């Protein structure tokens, strides 16, 4: 048995750990186009801001590959998967055979067409090398324009602000973090960020990046223009399906997988941002580029690859993030989509406090916690387990909502279980 | 100094017993020799004997043996005796001078039968006799009935037992059962009545030990009319057997299971039927458990029974030779009179040695117990 | 694995578990008086008494078999020891992103923002190697430490 | 408003060097004697609320607390003592009867402490209970005079008996006066040790039916919770005529203690006062008692021993004799130090006689009448330790009841405030916040431990006396000697003086 894993982030590591739970001996080959020991992708903004040193970026310890008997091919790019011959094709045309293959190639930045993208000092913000490149050029007093006010964009804005850069964020939507916050919460976050000196241009997009060889500014579709030394394009990501485009592996928006994280082709598995898995909140296949999802899928794939039948029931969007000391946790559906949704809200904007819970048919389907995020996981678990909350709906928003507020039977059945609730 | 009956005196002792199962009589010489071997187990402050089959010519009469402190009380006693009994013969018990024996009380015996018209309607003859004995012993200061059975007698006094035997000329009597007792009281005024055996009707008891259940036993017995005037263990034990065997009509083995009750742990291993019986015996007669060290020989017209406390805290040895059964505190006391026994053994705690005359089924030898008679014993509310 | 099980019927709400948890994890190891009087910034309790009178119980990390926090942790600091089953957070590496708080179904992970922000959670007093401090000091056996809940085990 | 003359009875001493302001005391005091000052972030005391139950002292993790008598002194007056004066202040304030809990606390002589036990020396060996079997088994019930036995078989069963592995039972305390957890503790302990607990007059909670074989169900004047199932659920039935703490007085469980469980168990409406009349209104004389005894026997097909419990009053011996003759299988005598959940103070402290005398008098009387084994004799009313038990049995008791002692084992600190329902130890309360403080597993262990410990001590004492079965001590008054007693007292107790 010969396992091949393409990728070196959460899904790939999850797969290694999944395989090794079952199979302690057969070889694992891990191929990644990045030359680094596995590192935590979400930490790159911390790295940029100098809050975390490079050696603390590791997602697993230095001896991880050795301990898990993984042969790594780092800095090696896979260009294709030949499912007929059961081998992957490398950039240098070498071929690596596999018995079981995992594709965990993650996502790539989505870069909308605009003029001037080719100028120097236009960056993306998802990889170590992106940060290293920014670090090369950034200086205190620089001006930066960030295109996109999503998680990546704002993390970049925070990181650059911490470096003394004057940051303007351009966002096509009407609010910051449109994917995870509603207008009210976004307003609170925006105000908080503005206090740190970040400027926002909402409801617009960049028409062109200006300058000669180097970036000098951006002009917006709303007619405004900003001077800029640095532009970061952070509009979003899309599954990195490049290597399978010529294969038989079914791809929709991402690589399509089932509950076993199998692709449409035998012995080929996929996990993480590259896939399109089941979203239990939306009850449909969706691309869910979040780390817990990637790890869980990777682990599930690993277990199945090693022969232990394992199911990942699906995930849903969930994020814990913070900017300048304002933590927020959100999950699932964060805005009522029609009259079938019930919305519970508690808001104290002046304290940056916001709590919102979305219900459908008395089941929690999403929430936003701003500032007081403690014990949010209990609500996450209510979503995941589809608990009917009709009997305790009124306490969901209570300060310190906890197990005491659950009906005794539900509480006991969860607390007495040793394992996961 | 307080004497027996006014105070409880702990005592250590030697006991010995011989019986012939065929009922053949033999001289008291053997029993004297046997008890003399255990001289050091007594201290000269009490000795005595019981003998069965010694008065064949008066075998249907009660043979009352009495001590009198003076003539006045003798007169008073004889007045009562005459009122209640027809006296066939009254005489001093023959004695010989023995230098080691000090001043003796007046010692008389009476062969008598109850006056039928004096017996109450609800009273058996035995009860009549017992009531008489209790009355004399508790009410007439200075008089003491120390033997009250038929064709048997006890002989006792202050002195070493072999000297007491000599004093009473027991070598001249012949009986088929002999028991003897040598006493080692820790503190005594040396009262003749306090010596052992203790006797009531045909029952005699010789006993070695000091029972720690005494007051529990006594207070129970007193509910049934017994008066423990001597405050001795021997007296209490005699009454216990009298109560259980004669009054309540219990089989001997049940009486033994009461006074030397099997431990609960042992009972729990018995079959359900036995368990039920044992539990009932222990529950109902819990106050008659004899606790603390004892070895006793309970003599009756039909035979004798030797018994140790259930922990066997006192020595007791038994032996058999032909028709003879021997029992003694020490084996030496048996070997002295029976050189080569067929069998010698040390009975376990609570395990009786029962010797019955051929043809007898029980030690109990009084009136036959009838069902309806048994009912009468219960105390009416 | 051995876990701490709370028995709400007997929780008296005294919070001695919290107090002893704090002391057990303070630099004055189990010395209550020093912990509370000298440590100007004592640790947060890793056990939480939830109370809604008359009901109360203490709750801490369940050390899930399939612990979601270990899978969600963005830096790999949260790990379950394959031998002991104990889930611990390597505080050196923790960056305080609170993803574990997002996924912990028990709400058993606390924010400790005394120094560099870290997630603080029950470690079953694994360094002491004996009964966890909360269990040891529960005055009413409302916390049981065992392979399974006491009364389930008893029912067998 | 007018001035309240009452001053605090106790003062709480808080060692500031040790107090860590953890508020455990605040959370544990149902009387609100400890409070949290939010502004100062400090714990402080309200001394006037303190009843000196020691809950805070025992719970305080740094041992920072102590409670003392409030140091305020009245001018010395041997006649008008502080207690007397305070009682008047309180009654002048409230116009009410003075209430109290637990037993008589007055400094009357304790006769147990004036009796000494014997031991074997030389003439009779003492017995080592670690080496030899030592039997404490006791049967309670009516004993026939003799048994009919034929061919080694018992021809007639003896009347029903309770089998006790230790001669100690838990006395009647109702569900209502004490908590369900207290009942559970006692019931489980009784089962574990092989003895009995008593429901008191409050019915048998459904959770406790499983302990029926070790339960004595009580029938008292209020008849709460009684039906045929209840009578049959127990191993024996106890008719309560009176109790030592309040002879001649009925009971009163205030409505606020009658929650759902109490209401169901007592079979009375939720929240109503449960009033037990002073007498049974169907027993105005001894022949009426006989009727009740036999009604209960009929109802249980003569399978259960019937106890009759009375308070030790002046004429107790004659009353006990009447009870035996009325058909009771067990007579229970409760002495004047017996505890209670609530009693008028003046009754508690001044009515009744010491159990030692009552016991001696009753045992003697029943023996004189030749009916001592017609009924067993159980006594209660402040049995404090194993020697009290040994002395009681030597005086003539078959077994003893313990109530206060059992509660102390469960945590009672004798603050005497049972009647307030705010027992901080979870015993004398129906407040769910409070009764859960008594974990019945712990309670059962502690109560069982107490019985086991006392049983071991009794075995030691018996062994010392050269006795290896408890029955040989029963009524064995020679094992007792009096010390510091008058001839009359010795005479009543039926014992000799030390040295005699």
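Going by the order they are written in, the chains are A, B, C and D; count residues from 1 in each one.
Methods note: a contact is a pair of C-beta atoms (placed from the backbone, for glycine too) under 8 Å apart; a residue touches a chain by one contact, two chains touch by 3 or more.
Computed from a prediction, not measured in an experiment: that's the story for all the values here.
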Those chains which touch subunit D and also touch subunit B: none
Distance-maximising chain from subunit B - centres being C-alpha averages: A
For the pairs A-C and C-D, output the one whose chains share more C-beta pairs in contact. A-C
With chain centres taken as the means of their Cα atoms, state the distance from subunit B to subunit C in Å. 79
What whole-number Å value describes the gap between the mean CA coordinates of subunit A and subunit C? 29
Euclidean distance of C-alpha centroids - subunit A vs subunit D, Å: 69
For subunit C paired with subunit D, centre-to-centre distance based on mean C-alpha positions, whole Å: 43
Where in subunit C do residues touch two or more of the other chains? none
Give me the residue numbers in subunit A that touch at least two other chains, ranges are fine. none
What residues in subunit B touch two or more of the other chains? none
In graph terms, nodes being chains and edges touches, is this line, ring, star, complete or other? line
Chains touch in the following pairs A-C, B-D, C-D
Please output the residues of subunit D touching subunit B within their complex, sorted ascending. 120, 122-125, 127, 132-133, 135, 137, 139, 141, 143-149, 152-154, 157-158, 161, 325, 367, 370-374, 396, 465-469, 471-479
Hey, which residues of subunit C end up touching subunit A in the complex? 1, 3, 5-6, 8, 48, 50-52, 55-57, 59, 62-68, 71-72, 74-76, 92-93, 95, 97-107, 109-111, 148-149, 152
Given the complex with subunit D, which residues does subunit B contribute to the contact? 8, 10-12, 186, 209-217, 219-220, 222-224, 247-251, 253-254, 261, 263-265, 273-274, 276-277, 279-284, 286-287, 289-293, 310-311, 313, 374, 377-379, 381
Contacting residues of subunit C [partner subunit D, same complex]: 9-16, 19-20, 32-33, 35-37, 53-54, 137, 139-142
Touching residues (chain side subunit D, partner subunit C) in the complex: 17-18, 20-24, 27-28, 59, 61-62, 431-433, 436-437, 439, 441-442
